[in-house]
């Protein structure tokens, strides 16, 4: 009860420090991230994998409209978890930064530079009054100087680089799965499999092809590619993640 | 009692996160949507149907003045549920976006693009201080590249694409009706019938022609068309939704 | 007690949603409308009638200074109920819109267009911070394309079209009277009588000519005309609404 | 106790509606008016009288420095009651409006127009945040098209036209006196007498010439004239309002 | 206890009305004036006297640095009481107004005009949000059209004209002394004596020359003149206000 | 307990008056001054001395980095006590004012003028909202027209001139020491001694040369000079203020 | 409990003083610094050492992405502790200041000047409303005029110069270690060793090369150099800080 009263004092108006040096609005925004379905990124020697759990809430909703993976530039993609409308703002911001880089310097923006552009933008919303923080985390993956790179942005505006990482619901379980199963010499194909199995590990080891988005940026092509339904289904079958027969969700 | 006190802490001033990562003002705006009468959208192979329940509160009120379906552009319409005055703002915004697209690119705006213009606008009102969120949901339907498309916008600024969807009062009941009765190979005519029966399903299976608005955008004509009273009456009769004799509401 | 505490939370600063999706400041503004004396509008086949109860608080106050009906343009009038000073702001706004329309398009503004200009203006005061909503409802009546039109604006910024409607004090009683006595084939003269009898129905069926304002816009002349004291007295006499002898309020 | 808590909720920040549709800050500003000494206006067939009670708080204060009646233009005067510093702001505003009218249209501003300019200005301070309402009421009297006119402005920004009216302390008593003694065929001289007797009616029927200001605008001259001490003393003597002998306040 | 809670409600944010029509922030600013040492003004037939009690808090403080009387223009001076830093702002404002008047009209600003420029400036700080009122009262004295004039400004922004007046600590005692001893036919010299005796009346009838400032504006010279230490000592001696021998404050 | 609740009411948002006419934020800023180590100024016939206690919190901290005395211009220095970061802002402000004076008038700024520029700047932060007051006091000393001058600025923005003064921790003790030991005919050398002994009087009569800063502006050179470590050590030795042997703080 | 209530009063809105003269938001920001892992700076005769503890939270996180030491300019580096996203803002600010200095004056910015540019920027966020303070401390080290310099900035905006200093977690323990082991005649190599041993002293005297960042600016080269993994491993081995065998963290 008392802890609650204490917390309420830090929720009003602008984002300010609590007596123990925390920014509650940023921590609450992290809770908003956890409320979103999981996205997973895996960096392999051949390229980067982005995968997202996007189970639809209704059989009449178009699965494709639940967009959790976006192309940021030819050589870079972004997966999100958390507040969907906030994600769109940041992804638009990232795209504009990538375009500006091409116009200004005549070359593709570096993945690290792109990430830090985004996190600096996020940070402003945690320090200056008049707005709330962004309730979303992003995975930014792509090829920079021929090397696969995978970054995370969190609601505080801190950038992290990962070999493999999960954001959103069940983060601790999925991250544990990744830590136990990640190997440095994965191929891109194996990376897709690992990402799907990691997501499935929190879903009773089952996935439907319409319930996940998968995209890759390979080091060879340096091109962002979204897998189609059949492609995803193949990976699901290869990894023995097909759902058991179930008459309730058989449409489409 | 305590839960109430907790909620009150998040209602004041700008829209901020609660400790569990929710935006209460956005959730309350969703309640404002539920306070509005239902609107239904149905996407068929031939085109898109928008239908809206607009039962008048007084026999002296002009039914036509309760506008729940609007033309957004030649090839697109919008149905709303929730705070009427807020809906007008968003519909004006959508119309201006459609006009700007025609002027700038010399072609009709895509339904998805139009929807995302609107949801990005809505999102701003949930993050930046000095205003409240919009208390309204929209259904945006039309033809894009010859294909029927149907989108929903909610008060958080998230876009969803649907085969068939209900917003406003009795959403869960009507949506359940749609899920049970929607088929992928509906004709546009059958779509109108489904929409009307879905609305009627929450009204003791009765409708008056003056109590609903119906509009379609067919894939052939790519033209937004509002049905007149007689047209609607025909559909009501075909679908056996005519109200039983009742002397209280016999005027007009 | 608890309900009170709950309401107080929504009164401060800007207009925001309550947990059940209501805008309390807008609802309180509706209470301000109910605190004003009644205005009534009646649409007939020949034209539109606006009538307003304006009983003065003192025998020394000039009845003409209690202005409840105003000319908006040659072909349109506005009656108000609620906060008088707020009404003046909206009526000035409407007049400027009508003038702008004449200057820009060389023709009289449509009654529906004029109404929606006003309601969009009202809506802004319910969404953007830094000001309170308008505490007034308006009846906007006039001729558009030869047809009589009668609209209501409320503090939320919603436009409604009516055959006959009452705003302000005793709305439910007067509206019930209108519903019971309105007929579609009223003449303009009969419309004036209905409006006066409706106001009188909440005043022990008595009216003084100095205690009401009446104005009409006939379809023939398309001209806003305010009735003088004698004209009103004649209608009062015709409709048997003359007050019983009473020595307390006999001056002027 | 509880009522108090309820009221406090409406006192903070900007002027907002209470649950019963009232604007407490405006009502409190009316209390500020009542805290000021009375001013009275009387409209006669020959012209308008403004009179103000300005009993000084100290024998060393210059009575002339307690200015409660001001010239607004050649043909118009203003008397105030309430917060003196606020009155000065509104009177300056009125003077500028009168000057602007002369410059723009080459003629004297109408008394009604002048009044409504002032009340529209007052209204803004009751709706838009960042300032408090004006704590003052004004009587604006003058000649318009040869006719005497007398208006009142209140803190809500509502204009009223009167035959005779009192603002400030003891309003209800003085207004009752005016209602009982006002006659339509008063001469301007009789109007001055009525105004002084009305003020004296709340002061044990006594007045000192240095304790009141009196000004008139006659229909003949259309000129604002302030009476000097002797002139006022004559009226006091004629109306038997001379104070009984009293040695405490005999200076000057 | 309860009264306290009530008052607190009016202290926050901008200056607003209390339920009984008072502006608490202005009244609290008056308390700030009372916390300052007294200043006295006396108007005589020959000119105006300003005198100020400026007892230093430490023997090492330069008495001249406690500035309570300032030259506003050649023909006008200002004495203050209350918040010293606020006084400096208003005196700078007054000086600029006086300079502007000379530049614009080629003549000395009238004392009344100067006073009202200052009070209008003060009033703004009591009505518009974002700042607190000025916690200072001023006495503005000088010669206007050959006549001595003496004005007071208070924290509400109200101007008062006086024959003799006291502001700051012990106002009621000193004002009572002035009322009992002021005579209309005082010479300027006698005015200085009265001012000093009035200040001394609240100090056990003793004054040190370094503990008061005295300035005069005589009608002959129309020049603001500050008395030096010897001059003040002479007046103190003439008026028998010399302190009894006291070894604690004998320095300088 | 109750006093606490009362105080809290005046701490929020902008600086406002308390019921007894005090500005709590300014008084709290004075507490911030007391939290800083002491600075002392002494004015002698030959020049001005500024001395500051700057005991370091750690043997590894560079004593020179605890800057408490700064050059403001060739002929003027500033010592501070209180919030160090705030002091830097005011000192930069003073330096810019001094430079502007040289550029604009081709001569050194007067010490009094410089002080009042600073105090006017400070005052703004106590009246206008959106910022807190400065939590620092300054001593501004220098030569003006050949005469040594010594001023203090406090958080309210009031300027005081002193013969000798202390700000910061132990003010009342050190000021008492100054009052008992100051003499009007001190030489500059004696002034340095007095300043150091005054600081030491609150430190068990001991000082380390690295624990104080000393600067002088002599009337002859009109030049601000900071003493080096050896110079200070000489004065410490001359005045018998050397610390007793102590093994804990023997480094450097 | 009561202390808590008291503190809450100072947390809301802008940064203001508490009754005892403290700025709670600044103190809470200092807590945010303590929540970050430690950074250590050591100034030697040959140059400056910056070292940072950056233990990763997951074996899959790239250690290089936890950036705690940054190059500010050729001759200067910055280590941080606390809120990472805030650190990035200040480091970007410092870099721009260094660039501006080169452009404007054609030479490298001084370390002291650079530090004070940063602290002045930090101070603004503690005084002016609308933003929170920076929750980060910095160590700014480099060569100025051939001399090694090491500065700390804290959340209040105060600059300190140090011989050796620790910021972030375990500050008091690490600082105690530095005080006991620092010697004035350290070589740069010995300085690196001291910095690493100081960090390890709070980590059971163990370090992994991937868990610390080390950079130096030597007086000879005047160049900022970051040590690579092997270089760090050598220093760890030389200083006997290698972790005992532990199977949990054996990857990479």
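In this document, chain identifiers A, B, C, D, E, F and G correspond to the written order of the chains, with residue numbering beginning at 1 in each.
One rule holds in what follows: a residue touches a chain if its C-beta (ideal position, glycine included) is under 8 Å from a C-beta of that chain, and two chains touch if they have at least 3 such contacts.
All values reported here derive from a predicted model rather than from experimental measurement.
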Could you name all chains that are in contact with chain B and with chain G at the same time? A
Between chain E and chain D, is it the same set of residue numbers doing the touching on each side, over half shared, or a different set? different
Distance from chain C to chain A - Cα centre to Cα centre, in angstrom: 55
How many angstrom lie between the CA centroids of chain C and chain G, rounded to a whole number? 69
What's the distance between the Cα centroids of chain E and chain F, rounded to whole Å? 31
Sites on chain F at which at least two other chains make contact: 12-13, 129-130
Quick check of your reading of the touch definition: is the inter-chain graph here a line, ring, star, complete or other? ring
Within the complex, which stretch of chain G touches chain A? 1, 4, 7-8, 11-13, 24-25, 28-35, 58-62, 64-66, 83-86, 88-89, 92, 125, 129-135
Spell out the part of chain G that touches chain F in their complex, as residue ranges. 2, 6, 9-10, 12-23, 116, 119-120, 122-123, 126-130, 151, 156-165, 175, 178-179, 182
